[in-house]
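The letters A, B, C and D name the chains in turn, as written, and every chain counts its residues from 1.
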Amino acid sequence: MNYRTDFADERLEICKNYDKNGVKVYNKKISDKIELCRVNVKSNEAEKQLNKKIGTYTTINIKDLEIVTKEEIEEAKKVFTEEINKFIKDAKSILVIGLGNAETTADSIGAKVVNNLKITRHILKYEPNLLPENTISISAIAPGVLGTTGIETEEIVKAVSKIVKPDKVIAIDAMATNNVNRLLKTIQISDTGIEPGAGVNNKRKEISKETIGFPVIAIGVPTVVDSDVIVAQSFEKLAKRFEQFNFLKDSSFEDKYKLVKLCSEENLVVMPKDIDSLVDNLKDIISYGINNYFVY
Amino acid sequence: MNYRTDFADERLEICKNYDKNGVKVYNKKISDKIELCRVNVKSNEAEKQLNKKIGTYTTINIKDLEIVTKEEIEEAKKVFTEEINKFIKDAKSILVIGLGNAETTADSIGAKVVNNLKITRHILKYEPNLLPENTISISAIAPGVLGTTGIETEEIVKAVSKIVKPDKVIAIDAMATNNVNRLLKTIQISDTGIEPGAGVNNKRKEISKETIGFPVIAIGVPTVVDSDVIVAQSFEKLAKRFEQFNFLKDSSFEDKYKLVKLCSEENLVVMPKDIDSLVDNLKDIISYGINNYFVY
Amino acid sequence: MNYRTDFADERLEICKNYDKNGVKVYNKKISDKIELCRVNVKSNEAEKQLNKKIGTYTTINIKDLEIVTKEEIEEAKKVFTEEINKFIKDAKSILVIGLGNAETTADSIGAKVVNNLKITRHILKYEPNLLPENTISISAIAPGVLGTTGIETEEIVKAVSKIVKPDKVIAIDAMATNNVNRLLKTIQISDTGIEPGAGVNNKRKEISKETIGFPVIAIGVPTVVDSDVIVAQSFEKLAKRFEQFNFLKDSSFEDKYKLVKLCSEENLVVMPKDIDSLVDNLKDIISYGINNYFVY
Amino acid sequence: MNYRTDFADERLEICKNYDKNGVKVYNKKISDKIELCRVNVKSNEAEKQLNKKIGTYTTINIKDLEIVTKEEIEEAKKVFTEEINKFIKDAKSILVIGLGNAETTADSIGAKVVNNLKITRHILKYEPNLLPENTISISAIAPGVLGTTGIETEEIVKAVSKIVKPDKVIAIDAMATNNVNRLLKTIQISDTGIEPGAGVNNKRKEISKETIGFPVIAIGVPTVVDSDVIVAQSFEKLAKRFEQFNFLKDSSFEDKYKLVKLCSEENLVVMPKDIDSLVDNLKDIISYGINNYFVY
């Protein structure tokens, strides 16, 4: 399975046969526009079947983000704040890593969030009296991507973590999805680490407790879909509606994707045209949530 | 035919049956990376069949723009400069219009070129001694798009043209194409005017001599492809290779596109992931050509 | 007097002898951080003495904008919204003009506000059902500056106003001040029009009811101070403190400024180092106020 | 002496009495617009007197950078390329550090250069065949500033250097100057390391061979002058011209600066108004020079 999705709930749909006892799913409709899904992968078997590591994956889905009102954005901020706090719990020092390439819109969400954070670590160190007691130590870096630094991102993150020694690392990145309806409308939070570049098809070394030595909360936003996935999805829909496509009816999505891949030439992606402003909206929601985790 | 291409040479390929005497085509390979195609639409019949107005359309195609060397960019600048000069001819006053939305990468090429021009009109007016004799008057504006101004772009351009009274207007915009291989690698120059927003599927009123009263040279760069076009093209390729798709063999591209459209939900576009840097390269090439038309 | 301030209340301080009956001043402390000053210039005499046209000038002063809390920003938004509404009154159609150069931080406030507005004019025209009844028509343009367009801004604004025929034009621009404590901390609203470029020392033709034919509300933000003003102000302070500077004690500020000018070489300006983020804060406050004037 | 300049040749002017045998100065006029000055600090005594470490400091001065022609920019690129190569010598692996804050124009030169480099380290590691033999390994990072990361920049640079183990580190930053005529017109190259933030008055830990373990070439560009320096300089000029200022005639610049400081309130800086475009020009010159050091 090499067409990509990084979302746990999408994996559940794709791999229909998995250890149902090893997975707990919780769905909640918060409002007309906002839905939440929490997936707990608990067994090794489920981990293998779903290709998602044991851990918790929370997905916040915001419908019609391109036309939401200010009030709906405020509500999304509130929901995200609550959920991210469940992951941060009682950390007193947090290092935020903005993964991705700030110069490429589709890959810029991590760097944009980092630019929007209230940083406290240096004030706590040099002028603690300027801040309320019990202020959380927040530090952050946007290390760039392999193509613009020439250095493995995982190695930079590991080295910076060693300097800061945070209770938790929060890593933010663009993610891959198979679902065009989720593009720039969904935020996944998980406690299992992250593979930088997955969202833009350049999978690099994992950033997780195993590789960097500190627990990693991953925040992911889907920004692009592989254009071959779109073609395979068209086949699914056509096969349901037109009998000439009957021969595709029994093939899995994976098979359809492989078929498309055979004739596909360039490595193109599908995005909404107004991606620039949608990335800005999501940056506001995510940085708001982290900025609100200020005093413990 | 409502899947879109604004390129004259692509229209020739799509509409195979057209008045061959009414069209003159000239192809030239400039170098390994750069090809030129000039299409002259001469008869009313050809105009109707191709849905391209009588006039000249020059297409400069630059292969592999994402990995070209500095020398290849220099060559592309030279070729574009020569070709745009054939259109400008002996104009002594030029008004450049950067169409599109500066805040949306896929639609920003026009505004970016305008930001990169050497403007002379006000110096010629207030301090002509600062410039060499016979300096061309260059003025420019990026009027924004209907969605960000609330005002028809064509009306703004008409009003500004009346102030400047230029010999020629050059209008630069993102264009639509059906050919993913051309995305951000092709520049079309024509003397027939432009429909703003065509490239991003929001066709607005034409900007041409007929509507604004001054001759309009249009410079277009394809930045996105409708994702339904990609699916229909996959069908074409699959039908050539796999017999199960035989039933599609005799249908036209148009029919395939209509079929896809039936099951398509959202208005998505396909772009290269590195669109941000490709737009920058093309901005450099186009503004170089205009900036070199300085003294007549 | 050619060292510049565009603020009515600063002019009162500089020109101590003016027709006191021709001017009404109202001061209000809104909170610890926010102060308001309203100056009504009523007589022709005062107009001439102060070099400020007959009309109303409201100044909102926000202390320590670089360290304000989110709550203080919210309060500033509220105060600005109330004050701008007093100027807009019952206009049903508004054209917003973002003056200045988007590419120069110190001169970008106008263009940035325009990019942040909710535009309704085209929706009211083409799909009025999408909006609540009695929605105000908002249109906007950032026409650029003479140096980047080659066209007098006043002429573009006049031409665009003729298309839109708004009840009121709101023109936003960087302004000049003599008071470093006001840099990027003050917003002046007036009903007397604006001279574009005043804030960056390139005074151009006035934009007012007289020149464009529609009433003009001007919103100005001081972003730079002429560096010679800073030197003259140092003299004022030193003369108060050190007897060697006694010879300056009786000279006016104007005389001191002229003295400095004699030895000054380059045309430099003084700004806060963090001007980029302060411009962003002010953009938020101003666009919030205009966006809230939505339904009458 | 706490008014700041980081330029060796300016220190020579300020500290008139220093060990002349311990300093070698070489001046060269390259063209009408470009001048070069090389200062070798050789003795410990001179190091102490000038407060510049033993080493070589090359200054390239480009007159009128705001109005230079394309040809003059090309010449500046050539001169800078030659000079930087004298410092790089035979390094086969280079790590470029873009110091400063990308979001603050006056402090963004380092990050902007890093964004403009051709990075090779990862290609040499994973696909060396794509590059010519003997290609130099170039890697780069823009680590941010203490205020936006909460982490000492020097510690990040040290950690990243340990990963890359380069032959030379090139660190690029905004610098302080006392000379307004040099603002955004001068590039200093030295082999003695750098103090990040010096240019924006936030001096942090030194980045040099002593602190990070790898030799550091520093490239500095003056972007701001402390506004108190401007006032003190006005005094110098006035004292030469007007007898009332005679009392200042015998005081040193340092004394004048201290006097001004006594009455100065805010921490303001002086910059040219068109700083945004000047930073862009300098970014082009510096990145061109580094990009040309490609094959040894």
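Rule of thumb we're sticking to: a residue touches a chain if its C-beta (ideal position, glycine included) is under 8 Å from a C-beta of that chain, and two chains touch if they have at least 3 such contacts.
All values reported here derive from a predicted model rather than from experimental measurement.
Asker: When subunit C touches subunit D, do the two copies use mostly the same residue numbers, with over half shared, or different ones?
Answerer: Over half of the interface numbering overlaps between copies: same.
Asker: What is the distance in Å between the mean C-alpha positions of subunit B and subunit D?
Answerer: 43
Asker: Report the inter-chain centroid distance for subunit C and subunit D in whole angstrom, where each centroid is the mean of the CA atoms.
Answerer: 36
Asker: Distance from the CA centroid of subunit A to that of subunit D, rounded to the nearest Å?
Answerer: So the centre of subunit A lies 39 Å away from the centre of subunit D.
Asker: Find every residue in subunit C that makes contact with two or more other chains and list them.
Answerer: Residues 103 of subunit C each touch two or more of the other chains.
Asker: Classify the inter-chain contact topology: is it line, ring, star, complete, or other?
Answerer: Graph shape, chains as nodes and touching pairs as edges: a ring.
Asker: Show me the residue ranges of subunit D that touch subunit C in the complex, using the header's touch definition.
Answerer: 103-107, 180-181, 183, 200-201, 224, 227, 230-231, 234, 237-238, 241-242, 244, 247-248, 259-260, 262-277
Asker: If we count contacts the way the header does, which residues on subunit D are in touch with subunit A in the complex?
Answerer: 102-103, 114-115, 119-123, 137-144, 146-152, 155-156, 159-160, 162-164
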